[in-house]
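Same chain, two partners: chain A is paired with chain B first, then with chain C.
For the complex of A and B:
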């Protein structure tokens, strides 16, 4: 189990509380070495990156191996965008569990969060366009009713009369159906509550997209086309580093920001203060204040996904 | 082991020899495979954006074909159960062919999964020892396990049986019978696990119904044997394979029961959806009546239901079951009905409207049609070649050299003697 030291160094001492980390690491490492000889000749000709092909799972990487993997991502970024980037794999802080609050009565549906997210998280701005936050326009007469919601509303001015707005992004479930269904453990829930994906481990089967009740997972159907000048150079391995085609991505509460004590980009940009964020374990945090003073609910509570994302009506 | 080498050489000779019809059929299959290859090269180059799948409908044509073919593969058991468990002789002659169909269908299943993957180059990540399979939690790892297991059991069974018969020897019951008995639960489990893959997703109410696995099994017992009935008639004409009429009629009768069950379960599901009429009705509505102007699947759904009902009646009435014109018509209708029902009719309404209520009307792209044609081409080619080798062994015209001239065992080669 020595291979799991890397995880402990990274995330602080202790055993993985979720208990769903890959087991049997050393035997697999041996098998990989044994297979390496045969694979080298077979794959080198196909242009497959062998280091990547035979690499272990993220949670099994030693400190040295992780450093190599991060350096490789930076090198790939340099080749692809011609720019220097800083890619980290900063782990969760002890005593932190993130929670998010969204005030439906304040949200005006301006979608600034959507585009701040695109910019921060190095998403392809168009062709194909991926939005990790989606704002649904709903009829006040219907209430929260997906069958009567409109995702592609085109308004000269918001909020429109008779309408209210319901933004949806990853709900960072405590019981995430996406993690359960992933056949390769390429996605998991971190100790601070963020559900992450290793884009270098995902096989693109899209089981998680079928399993997610919130449409929060998005697939890179084509090659993302991110202009070099729009690249955000501050990146996290499990977060906003540029994605390859053929893998799934999602909202990570801006892991590259929030693990350094900053707000997610969507919280920062919101012009009406509809978005609240903080540490659920800290009684003084903004999110805990919201939960104390307002009445919160979670989306699709009947599915028992237990989100760490709460909706509320402040007024 | 020189016998094995001799056997393999003989197989190659069998495959290369054949009449005009056979060669034209193989050439046709090679053309579809070439089309599939070109389409897949496109998809690899541009990514899955070459398909019409998008985030709203993220599984579609490939996964639908996969699901249908799992049913075809599972259906070999419909021949195996009466043949071996109840010792029903007329079926024993033909059970090998059912297993060959299962092998070909399973290979197509695995190929459809492969072409649906965004990163097929990372397939090792799902393998034990090399990767980190999320077993037992992920149903897809279970599916990989049972599909490959069923494929292995069928491959061992068929090659053992055929090789023994080729050598003019009788098979060893101690090896053979446990494998046959094992293949029954494994076959049922392939389709059950595939159903559970969808069934387990609470996010998709259309799939999240306990009736899904039983419906899968019922329709599988219709679609797989439909292929067999047509194949048996072709082989009787071209290869003097002694398949009795009563074997074919028996299969047709079993299919009638399976189709009754299938229609009954469909009715039970429709009643629940329409009578309770909750927000979950939307998906069923999308399939049967459409939602507003979104009606892509509606004609297909009704065509599928019509086909299944007509086929059921044709197979139920002994006179039409025994008339080869109506029998074959019934087979075609069943095939069409189940293909729509277990393919697009299952996958697309599961995802339309999507989890946030958006309706994206999916239709396969040219690339998807091309790749699917290629996969079916590979499957049919494998099936054709396997049958080409198996049938001469079964009728005793393809034997080990030292055995040539020795009389073939009684009807149905080594199969009939137990």
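For the complex of A and C:
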């Protein structure tokens, strides 16, 4: 039978014209079932939970389904770390839009924030080492210039003469290139401004990492080696729950803390008080006071990413 | 308000006068008081929840040693070497009793002569450093911990700035009366270890895993 004739027959019968030729209905149904069965056994062979594999997108989950998903994460934590954890999915509050301020006239580059973040957010401390905050040492003479910056500076005492320090983390853009590029919609911007990742939907393609102009996304190249005793049991589904190998992660303004009204871990640890955090819609918040009274700028403004992360000079 | 009241008809006038008087009285009571302070405390300075002041071990209460007041003239002290040796707070013009109270050494003294406890030392610092005080109250200068939408604990000025040598150098955590607080140091901070370079991650354990 010629290809054209076959096509006509199929169209007449109302069957998908791109199928591979005529076949009787019962045989097709059998083939479909067999294929599905093979897929299921293949998935099972890989250790993938079928329910997890077929569940809907996080934003479309019903209350019951969400509870099931959270319970599953807690169960997985228990298996992996032998510890009880509390995983929530606290949503954004109405009337809240987070803003972050970093006073680069105060930052001394002590890197306390980097390690407080690792501890709070259950990052892998070594091999692979993942730091969501990167503190750059820059020359006062050059100003904010990435060509004259050093991430791996080593010093006995900071700040070093002639240098200033410029910490970079996710800027929670209002126009996030990472979100646009994600092929699976595993990352999106929440209403309070936090850009989140569903690690169960991330396929690890790293498109978002190449799209991010701030280098704020990090990939788990290996199984995160997080000691059980260092696990932070207060977790958020879109935040600091332990990640598997092969997914991307990022700063979420400590979503597990800030959605409950607390300051992010980096704000609380900063010994010089260079980090400010609050609700941009509240005129009494410290971030609004900063924006109204200080010299404020955003990083790489020319890219029109419109960050919700502001750098400022209080002096 | 008065302009409104005067030309009105006689019958309404007494009533309006009462109203206006009430309004003026209310306004007078409301305007000078602080937003959150109860009316009884309207003249009192705004108070801030702050961590305890970072006293050195055994130094407070000061009156344990300063029982007998002697000389209130400015001079070089024969004691308190630890402060005298580092004193760099407008040293040319200032000395102890500009800030410490002569009569009661357990408190500080404002330029007005009023005394303030060490827990409210920000009021003393704010006399000269008004711009920083304003920023500190708003949460811009210095640090607060707690909730971005609720109760916050401030750190006092002296938690980060040694009042006798105030330029910022570094801080450390200390325990005062069982409470954790922050104290200024005379040394700069040592940074935490630098991150691994990519080649260090490759050459380590991961390389073995890949059989390189």
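Here is the rule we go by: the second predicted complex is superposed on the first by the 272 of 315 C-alpha atoms of A that agree within 3 Å, B and C clash if a C-alpha of one lies under 4 Å from a C-alpha of the other, contacts with A are read in each partner's own complex, and residues count from 1 in each chain.
Operating definition for what follows: a contact is a pair of C-beta atoms (placed from the backbone, for glycine too) under 8 Å apart; a residue touches a chain by one contact, two chains touch by 3 or more.
These numbers were taken from a predicted model, which means no experiment stands behind them.
A.B. asks: Superposed on chain A, are chain B and chain C clashing or fitting side by side?
C.D. replies: When both complexes are placed onto chain A, chain B and chain C end up side by side without any clash.
A.B. asks: Quick check on the superposed pair: does A:233 touch chain B, chain C, both, or neither? Answer first, second, both or neither.
C.D. replies: Touch partners of A:233: none, neither chain B nor chain C.
A.B. asks: Please work out whether A:57 is in contact with chain B alone, chain C alone, both, or neither, and reply first, second, both or neither.
C.D. replies: So A:57 only meets chain B here.
A.B. asks: For A:258, select first, second, both or neither according to whether it touches chain B, chain C, the two together, or no partner.
C.D. replies: second
A.B. asks: Quick check on the superposed pair: does A:202 touch chain B, chain C, both, or neither? Answer first, second, both or neither.
C.D. replies: first
A.B. asks: Report for A:155: first if it touches chain B alone, second if chain C alone, otherwise both or neither.
C.D. replies: second
A.B. asks: According to the stated criteria, A:143 is in contact with first (chain B), second (chain C), both, or neither; which is it?
C.D. replies: In the superposed model, A:143 contacts neither chain B nor chain C.
A.B. asks: Pick one for A:185: touches chain B only (first), chain C only (second), both, or neither.
C.D. replies: Once the two structures are laid over each other on A, A:185 reaches chain B alone.
A.B. asks: Considering only the touch criterion stated at the top, classify A:95 as touching first (chain B), second (chain C), both, or neither.
C.D. replies: It touches nothing on chain B or chain C.
A.B. asks: Closest Cα approach between chain B and chain C after superposing, in Å?
C.D. replies: Checking C-alpha atoms only, chain B sits 5 Å from chain C at its nearest point.
A.B. asks: In the superposed view, which residues of chain A touch chain B and also chain C?
C.D. replies: The answer is residues 128, 134, 151, 221-222 of chain A.
A.B. asks: In their shared complex, at which residues does chain A touch chain C?
C.D. replies: 96, 103, 108-112, 114-115, 127-129, 131, 134, 151-159, 221-222, 258, 261-263, 267-268, 270-273, 276-279, 282, 285-286, 289-290, 293-294, 314
A.B. asks: Any idea which chain A residues touch chain B in the complex?
C.D. replies: Answer in residue numbers: 20, 22, 27-28, 31-32, 35, 48, 53, 57, 128, 134, 136, 146-149, 151, 168, 177, 180-186, 201-207, 209-215, 217-223, 245-248, 303.
A.B. asks: Going by the contact rule at the top, pick out the chain B residues touching chain A in the complex.
C.D. replies: 46-49, 51, 53-56, 58-59, 113, 116-126, 129-134, 137-141, 144, 197-198, 200-204, 279, 282, 350-351, 353-358
A.B. asks: Quick one: which bits of chain C touch chain A in the complex? Just the residue numbers, please.
C.D. replies: The touching residues are 135, 138-150, 155, 160, 168, 170-171, 182, 187-197, 201, 204-206, 209.
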